[in-house]
Amino acid sequence: MAAVTPLLATHDLSRHFGGLVAVDHVDLEVLPGEIRALIGPNGAGKTTLVNLICGRLAPSSGTVFFAGEDITHHPAHVRVGRKGIAYTFQMTSIFGNLSCADNVALAAQRALARAGGRHQTRKHRRAALSASITEALDRVGLADRAERRAASLSYGHQRLLEVAMSLALQPKLLILDEPTQGLSDGEIENFCHLVKAVVTDATVLLIEHNMPVVMALADRITVLHHGAILAEGTPEEIRANTAVQSAYLGR
Amino acid sequence: MDFGPYLLLAALEGLVTAAVLALTALGLSLVFGVMRIVNVAHGEFFMLGAVLAWGFTSLLTGHPALGFALAMIGSPLIVGAIAWLAERLVLRRLHYDPEATIVATIGLLYIIQQLALSVYGPEARPVTAPVTFRIQFPWFGYAGYKLLVVGVSILFLLATWFVIARTRIGLIMRATQYDRETAQAFAIPVDRVYAGVFAAGAMLAAMAAVLIVPIQQAHYLMGLDPLLLSFIVVIIGGLGSLKGTVFAALLIGMSDGMISVFFSPTLAKILATLLVALVLVYRPQGLFGEVAQ
Amino acid sequence: MIGRPASARVVGLHGAVLAALLLLQFILPAYHHGILTRVMVLAVYATGYNILLGYTGLLSLGHAMFFAAGLYGAGLTVYHLAWPVPLGFISGVLAGLALAAIVGFLALRTVGVAFMIVTMMFAQAFYLLTLYCADYTRGDEGFVLTQDMRRMALGDWTLSLAEPVIRYNAALLLFGICLIACVWWVGSPMGRVLIAIRENEERTTMLGYHTYAHKFIALLISAAMCAAAGAAYGLLFGYVGSTFATIHYSISPLLWVLLGGAATTLGPLLGALCMFYLVDILSGYTTAYLLFVGLILVLLIVWFPKGILGTLRERRLQWLP
């Protein structure tokens, strides 16, 4: 098997809060183009781990490598704006008072700035921005709501808007933190289609509690328990894993 | 060089300043600790206390102690009532949003200050001390009343500590401060707690003013300095920390006196102000406060 | 509607306002002519303040220090060093920028209430400094810039800034430049980011923006504008004194911006104009006119936090920048 450089690699990544060890020497590798699901009981450290990866939290020890580069000491905005990591919050975080288009515009603007093009005319840049916004909203199916105030959308649509914003960043790694929480069955199904389409351009790291979604989407699953990796493997392997079963059920 | 007497005098004066400052700052700290808002009109409650004290003492001719006793009771009560009113009419409607509250209390500052100007006038008026005995030190005589001020302040500080730490009311206050939502879930009337705390904070300032007014004079602009000094004390001592407030008040009160003997008071104020700003930037919990959860 | 370059409507509106200000000078009696001159300079101060408050969402209680930095920067160089007016003006703006860099480095590490108090403390220290250096600043008493000092050479002509006509148009020019800069900036990509920071700073960071750097730049620009206003005030009206550094002058732009409408480009001018006339009329009746200022402040923050133009924009004119 040819060795593929992982897109994301953490080495011995740890984080503790006082006496509590939230993330315990985690070695995680995510290959480019895969959909990786991160599951585990509540309090397992999933969101903390992901916060360490996207830079919202500093690690107590260990390193984070992205596309071969050590980003452990890079602040969050650099990881998002320049390195290509995008993160959707567990509690949806958008600009409620702005229109959907304006929400996405902020993300698209960043991506376009990263892509360069200072020499382009203002008109050119405006057109590119407009196109980028429309495309992102199209992908999540919110194109017809572009001018509506974001706070007036339903919860499910707000979550989709946040995904659109993340897509407009043109990320290499898209981290989704419990994206289907609060969505209806129909919305969840659409969401799965969306993720499958996204993965052609970006790698996806997905925190989820919804097992059917995990099983349907994930190429591989990482199980976290008490801050450490309990098991890793394909959905079938994980489903058969007794340690995982007892962690989830033997409480 | 006979520094001793000067130093003792400065220390005594500093103690008086510190005592009154501790009471005033405690009021501000209490309000922030429980309600998480900053009351910029706090100095005006102080001023009102002093002005009302003048009003009470000039009402009762005869022994100044009588008028003063009336002031000690009536002044804080009236100021407390005004504060309670302000809380219900204005602060509650803002849902205690910190920034909006500051703007509103700035407005209150203007309103109270200018009302005092209209009714009381621009002059500074003295109030006779209730007692006029002097303590005779080997080098100088010292007004006994000032020592009384220190004593009474300590009493009030202890009383406040007792109420907060040992009574049910204090427990309710601390519960509301710690977690407002949980307090509500336990049927604590948070709204009434807030109104009460706000009034109590104002009353502490008013009481401090009543104590100091025989030494200073009552003037409609006298609230600004106590406000700024209280800010300094509360920020350095740590918002919501009684121990820190007392300690910082001692520090500021004593050093203000000492420094003014040796340096220009303006320079001292500049340094104190900058120190406060830096403490807020680098150690926002002050010297004794806990980091917000 | 953020981050779009100015539409024809917007350009037309602002052009009309500036044109009206230009024409008003020919019909106004001398008294109001003088008031409008003052208001325009103070509107520059308010516009600078609005950039930080309305568009970036940072409420400072210490902006008087930037106004005063400009005032003293221009005043001291012209008075003590006999610098020509344009150089004095520039040094005023630079003084404001330098102060903002120092203050911003420290204060921007705090948010919300702490930021308000920190800025208030820095401003208070600055005010005390002007008192402490009374040898040069003459403290509260202040000093006067004579008509001689306020003459400006422009090619072959000499303009006297004491002349009402010159004063008015100088103020109008400064205000016009700042207004246009504000409209342009608000519609620019950076303006969009500032508004985003105001709305949800955490999200803005997680979209890849260095929010601290953006806030810092916003503070610098805000301070530069306020310092320009201060420098202009000193040069046009000839008086430099410590009162302009007191907390009252930090609260004033807050009041004007709140009244006119925070996060609107024309709100600062409207607010400054209304308050100035209100105080003018009231002080004819009572010395306690600040009472009404306080009442208005309370009424505004409780019932009309969006101010005149802000409420108007919400109810009817959504396109107002």
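Note that the chains take the letters A, B and C in the order they are written out, and that residue 1 is the start of every chain.
Note that in this section contacts are C-beta pairs under 8 Å (C-beta built on N, C-alpha and C of every residue); 3 or more make two chains touch, one makes a residue touch a chain.
All values reported here derive from a predicted model rather than from experimental measurement.
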- Name the chain whose C-alpha centroid is most distant from the C-alpha centroid of subunit B. A
- Note on the structure: Quick note, more Cb pairs in contact for A-C or B-C? It is B-C
- Item | Chain nearest the global centroid, as defined over all protein CA atoms shown | C
- Task: Mind checking the centre-to-centre distance between subunit A and subunit B? Centres are C-alpha means, answer in whole Å.
- Result: 51
- Note on the structure: Between the Cα centroids of subunit A and subunit C the separation in whole angstrom comes to 43
- Message: Can you work out the whole-Å distance between the CA centroids of subunit B and subunit C?
- Response: 34
- Task: Could you please specify the touching residues of subunit C with respect to subunit B in the complex?
- Result: 59, 61, 106-107, 109-110, 112-114, 116-118, 121-122, 124-125, 128-129, 131-132, 251, 254, 258, 286-291, 293-298, 301-302, 305
- Task: Would you pull the subunit C residues touching subunit A in the complex into a rising list?
- Result: 1-3, 5, 189, 192-193, 195-196, 199-200, 202-211
- Given the complex, residues on subunit B that touch subunit C span 37-38, 90, 93-94, 98-100, 102-104, 106-115, 117-118, 228, 231, 235, 264, 266-267, 269-270, 273-274, 276-278, 280-282, 284
- Per the touch rule above, subunit A residues touching subunit C in the complex are 54, 56, 75-78, 80-82, 87, 89, 93-99, 102, 105-107, 109-110, 113-114, 122, 126, 165, 169
